[in-house]
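Some structures to go through are shown next.
In what comes next, chain A is part of two complexes: it sits with chain B in the first one and with chain C in the second one.
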Partner chain A sequence: MARNQITLEQYIGFRKQKEFGEKKKVNIGKVISFAFLLIFCIVWLSPFVIMFFGSLRGFSDTMLYPKELFYPHSGYTLENYEMLLLGKLPEGIGQVNSVQDYKIGTWFLNSCFSAIGGTVLYLFVASLAAYAFTFIDFKYRNVLFAGIIASMIIPGAATAVGNQSMVYSMGLNRSLLALIIPGLGGVYGMYLIKTFFESIPKDLIESAKMDGYSNFKIFYKIVLPLGKTVLFVQGLFGFMGGWNDLIWPQMLYGAKDNDLWTLQVGMAYIINNSKTSNLIGSALAGGVICLLPVLVMYIIAQDKIIEGMSSSGIKG
Partner chain B sequence: MAKTIVLEEYAKQRSKRIGLFKKYGVTAIFLLPYLAAFITFFVIPLFYGIYISLTNFQYGKPGIETFNSFMWFKMIFDKSYMPGIYNSFWLAFVHTIMFSVIMVPIAILLPLGLAILVNQKPPGFKLFRALIYMPSIVPLTASGTIFTLLFMSKSQHGVLAEFFGIDTMWFIDTWFSFNLFGQPVEIAYAWIPIFFMCLWGGWGGNFIILSAGLQNVPKHLYEASDIDGCSTWRKILHVTIPGIKPQLVLCLFTTILGYLGLYGQNYVLSGGGPSIAAIASMPAGGKTSTLMYFIQDLVANNLQFKSSLYGLGAAASLVFALFAGIISGIQMYLTREKKTGTKISEAYNKWHEIR
Partner chain C sequence: MANLDNKPVDGGMQVPAKDAGKILKKSGYKIANNEVDAFVSLKDINKIYPNGVQAVYDFNIDISENDFIVLVGPSGCGKSTTLRMIAGLENITSGYLYIDKVLSNYTSSKDRDISMVFQNYALYPQMTVFDNIAFPLRARKFRMPMEATVVKAYNQVIDVLDNRIDEFKEAFANAKDKALNYGTTVEYVATKMKICDEAAKILCKSKAASPENIKNTAKAKIESEINKLSSQGYTMDENYRLLKDGKLQYHYVKMSNEEIRRRVFEAAEILDLGPYLDRRPKELSGGQMQRVALGRAIVRNAKLFLMDEPLSNLDAKLRVQMRSEIVRIHEQIGATTIYVTHDQTEAMTMATKIVVMSKGWVQQIGTPQEIYYNPNNIFVATFIGSPAMNIFDAEYDNGKLIFKNGYEISLSEDYIERHNKYYEAKIQDLRRMLDTDDFKKMHALKVLDKILFNLEAQKDAYALEKAVDDVLGIIEGTECSEVVKNLIAQYKAENNGNPKVDKKWLLKIREPLLTFEKIPSRDIGLLHNAQVFSKEEIVVDDTLYYQKPKKKNNKKNVKSNINLNSTDIEFINNLYEVASNLLAKCEKALAGKHPIRVGVRPEDIVLNSEFTGNKTEKFMVKSNIVELLGSELLIHSEFADANIIAKISTNVLIKPHTDVELAMNQDKILIFDDSCGDRI
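Take a look at the complex of A and B:
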């Protein structure tokens, strides 16, 4: 009995010590990580700032006052953007022939078409297939699905060359459709949509079937509204993937047809032509144009994108 | 009388047809678009690619090719057959492997460290998480412009040259060279900008996945190890790392695959160059070539190669795909094992409950 007796003073002292000690410890960990992350973020985000201000710098400032990164010597100017978008060369820049074939507007639209069109079409096709694989019973369903999943083991490189010739034989080699149609057979997005559909209670679908709903109605009225989030996230990833893709558009139209280039292919060409101090500003301006749609989307839907990324890691 | 039989038969047939449609038609409508795309743009091209690699196929002129007794594969694997192409392929291979060996640990450990820091939940950790992921959404070409500006030579007023006075021709000079199997391998300075570009924006996905994994590590394990008097370091080593093992495996393999397929960074920054004099006229005859660059050079960038060596591109991509496929096969095996494990235990629990 006597062993367990603690005086009130002892107890309060113990509590205080415990609280004080714990608080202090936690604070140190948080402070250190906060300070480190702050420094890290400043360093890691500085390229964005350099790029943005660099694109607002006139070409003569880049040459003559290269150290004034953020506040150009003769003020901010849009001449880099004018050069890219309107083909208007600033005075004194000399002969720059290649600027004439920069068709940034066309490339931008091509990129939009490929990214948006490809994403929307893929979501449609893939969610239809995911619905069939989840809610419709048919012969060999599981075998078929397992086969499709197993094909993920084969990397894209194995099919790319065959695809290129295939697209050529189909007569699509001078058509923008070639940018989006081959992506429709993608497995990973369909797999993610299907795993989400599986979490929809089967009873719901069954009772809808009892009420005489057809499969199309169930798909349209029940499954799609419930799967809105996963479709949205998948759409974001699809858009970013389509927008950032360089290899496939380059395989299609790499060395010719600059009317059909996407912004990525065009930008690679611009960078190749602007590795000098008077032209780098225009490349930076192009970079800003190229980055802007993705960045705006990321800022708007940042939490959704991170959530989608996280869940893909937890599941897979 | 005869008419009624016809009608009856007609009705029978019709109901049969409707039944068939109900049975298969709906499924077909749902499944067909996807399956058609999958077969047309995955299955057929896979075999078409194999076919191309075995014949003297010419791009844009299908139908006149003949079997050429593994000529393209001989070019890759037989040193004496065409030494130039052999050298440039295997140099690209060596470059790819070396860069991956350097880059992959960094692309795992750096995000892991940051994820542990973010998981301490300092004020504004959600904002930090969003900001740290931000460089990874940047298109390669956009970040390429930044790193071109940073690494331009002194005469062109690159940022590094101006601020730190580093007078290196980043995209021209050779850093050092060594011999590998009697073959000189020259390492260009151009790898450094490529390295920094990957360091800047090449691991955001890993960071997000790992920090999500960290949040799922059960808290009571930390408390238990606290009671046992573990140091922070031991806690990370013995609680955190085993706790996020599935995520680590996933990140490891996707990162390896990503860097084996390295293409955009070196294409945008250095264009595969500076070229090596001995094999300058060969595909990817540069000091920053990679396997993917070799393939792209053959089938996309260079029209001359595209018309004369198209089959070699197909063969090289098959070799690359075999290589990458083995790695992703190992990954699938490792992650699947875990999955079936939980599946079995779940099934067991259900069975137990019922009993």
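Take a look at the complex of A and C:
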């Protein structure tokens, strides 16, 4: 075949390919949906943006919002953070009527203790329970499980008062353990973990049992390694829940001395104290401080979260 | 662990009830039965699931050592359940299971010393092949002779430094590249040099840089260790094992890493798994995964192997290959194996003994040859063999088999005698059965219930009274008749000699009739077969007298409680009917012409022109489909209202839709009873 010549068989193929390649028409539906999503994105992001930039503005600029949201005329300043973290009041701020000191460091540690400790303990308890409900055949198992699931319909706020009096009567009214213990009976996480455990073939457990492994060894040698994705997901949920919880710690310690407060309780107090216009910046700075650890953790663990969520069938 | 040392007590020993607990506790709850000769013995094993379905009926088998037992049957016949009961994964409802003469019903599966291969391999996805195979070894402590490990290690160090120092240096240099399969450098060196881990650790740490120094410390260490041991009263033999008063001392320890490595490598060698030891199950093919599962089973040297359809997930070619592999491993290791499959080819090729099961009943136990050539009944005959046996409906008339199209085969004297003897024996058996108390009671119940559940008849006082008389007549001579008579007398006394028979009273009479003693399982099995394998539709459904869920209250059938090894089983009472029907048929059969079923294996239908042995009269068929299997031809055609398959050699090529002249091999014809499917 001479150069620049082509069989018709080849030509029709090229033409089809070309057509497909050129088919980059503007899809109006896509554009509209994209624009729509963009608007929602901005709407949802704007409070965070306002919070972040608002926290960087001085007390005298706060009322010039939104005109000077991004460019305050007296420049960016860290005085809000200094006020919260170091207790250093900027000059000329006027009266600050807070009764208690801001102990951000202590609150932060308390929050860490409640969120991380609570999560780890809960994972341990819930995965053991899930193992028992999945792999051990005991009497009234199904009845018991149905009862536990049924308890999910009772909202947490309804049991809060009962929990409080119980925790007090246990003598934990000045202990951070009170933040953790009532949460250990949570059902949702156990149910999630159990659902995942059910996908582990029973043969694996039976085989190990025949080899002479005890239930606890099977649990940590086989079931835990196989179920680590769901534990990770539940761990993240638990952490977020523990970190963001306000009602329970507020009920327990809100009226007590502020050494026992968590970050959220403290933040509520700060916001309560920042009702005058010159203190709004400090409330916004407090919000940033609260948000930061969760955000950092999320960014670090992003891949794993997505993997875990997709493998355990949860829609994020 | 202590109870492993205990000697089992004899289970047949009669002891006072209050001491029984103490004696058992002393023996670690181990019971032996010395009358059991077999290695594994199942006696009257029954399995009833909590939902009321009975999966296994009276399973009896004795398995001797090194046997390869195959349980085979269609799906849902209870074979896997039986295996799982032996494994301890399912509870045994009633009956006794002896493993190595020890009653094992209640021992947990880990104490039975068995290993099992699961259908879907059950490999741990997060572990490497090595760890998977080593997993059972890490589970428990093993009884091992006590060793002076320190002395052994330092002696080996000295030995290496004296004689094999170059070898060590080479191994140490290579370790980085080759340690992949072995984990660490120390483990590689230890395996390569055949020394223990401790010795390898000492050598690797010092890198054998200054041999003299090491040797001196080693000698000092050995001396102090020997002094320490002798102060405790131990002496040491040439293999570093500790002796006390001239006896080897044992203790329970976890298996050392080097022992685990040795065993895993041994298993891997048997199974050709060497190159895959560091992979994960995900990266293996189906056949390799299967071999890993086998490796995990054999590595423990268990007494008993259980395999639950291990080849059913493999493709056809691999299955054949693994089949011979398993047989080879069985020969190499010699462990007793129980193998479950639904594939009759696997059963025929692998087994030393086949157990054919159907719907929870054992149909036949025997060697493959026995099962193939002398099937007990029509189920075994059609299930075993591929293609399946041809079954014809025919009539038996005085030594002649008359097929539906008029084709005749005259039987030899032998056959006729066997036929008559068979029916005579059967009639005798059935008469004995019907003469037992339980069947009499069932008969009485049937008579009574006819009245009880018929509203019209209840209005007729005469009929009611007649029924009572009938019942009394039937149960005459049984224990129960006294009870019923007493009831009647009591009733008459209560009503001042003016008795009016009513329904309430009949129900009272019915109560004592409902208590059964144990009907022998052999009898139930026979009647079961009579229902399932009979062609006549006398039964409503073939699970008619299986245990049914208690809530399902089907009023048409009388229900009663049978005490079968203290387990309440609800029977639906048509056993009597089945038995009496069967008896009538047998009697008729002995009298003259009666239907019968004829079975001929495909290879026993031969080309008339080729076969020279003892053959029946020739017959013509039209071939429908002809399948060429290489060495053989399968001819599908129709004869005497039945589809037949003939298997002939390929010497003669036969085309589809042509007439073929065939005959049957007279010596290989099997005859089955029409009413209960048994072979005559």
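Keep in mind that, in the parts below, the second predicted complex is superposed on the first by the 263 of 316 C-alpha atoms of A that agree within 3 Å, B and C clash if a C-alpha of one lies under 4 Å from a C-alpha of the other, contacts with A are read in each partner's own complex, and residues count from 1 in each chain.
By our rule, a residue touches a chain if its C-beta (ideal position, glycine included) is under 8 Å from a C-beta of that chain, and two chains touch if they have at least 3 such contacts.
Keep in mind the model is a prediction, meaning the values are calculated, not measured.
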First, second, both or neither for A:L226, with chain B first and chain C second: second
First (chain B), second (chain C), both or neither touched by A:I39: neither
Touching partner for A:M251 - first (chain B), second (chain C), both, neither: first
First, second, both or neither for A:Y298, with chain B first and chain C second: first
When both partners are placed on the shared chain, which of chain B and chain C touches more of chain A: B
Contacts of A:P201 with chain B and chain C, given as first, second, both or neither: second
Partner chain(s) touched by A:D211 [first = chain B, second = chain C, both, neither]: second
Partner chain in contact with A:T276 - chain B first, chain C second, else both or neither: first
Partner chain(s) touched by A:L86 [first = chain B, second = chain C, both, neither]: neither
Interface residues of chain A shared between complexes with chain B and chain C: none
Residues of chain A that touch chain C when the two form their complex: 201, 203-204, 206-213, 217, 222, 225-226
Complex contact set, residues of chain A against chain B: 29-31, 33-34, 36-37, 40-41, 44-45, 47-48, 50-51, 54, 62-63, 66-67, 69, 124-126, 128-129, 131-133, 136, 138, 148, 151-155, 157-166, 168-169, 181-185, 187, 190, 214-216, 219, 240, 243-244, 246-247, 250-251, 254-256, 263-264, 267-268, 271-272, 274-277, 280, 283-284, 286-288, 290-291, 294-295, 298, 302-303, 305-306, 309-314, 316
Residues of chain C that touch chain A when the two form their complex: 87-89, 108-110, 114-116, 118-122, 124-126, 135-136, 139-140, 296, 300
Interface residues, chain B side, partner chain A - complex: 24, 26-27, 29-31, 33-35, 37-53, 57, 59-60, 62, 114, 117-118, 120-126, 128-135, 137-150, 152, 156-157, 159, 162-163, 171, 200, 205, 208-213, 216, 247, 250-251, 257, 261, 263-264, 267-268, 271, 292, 295-296, 299-303, 306, 310, 313-314, 317-318, 320-321, 324-325, 328-329, 332, 335
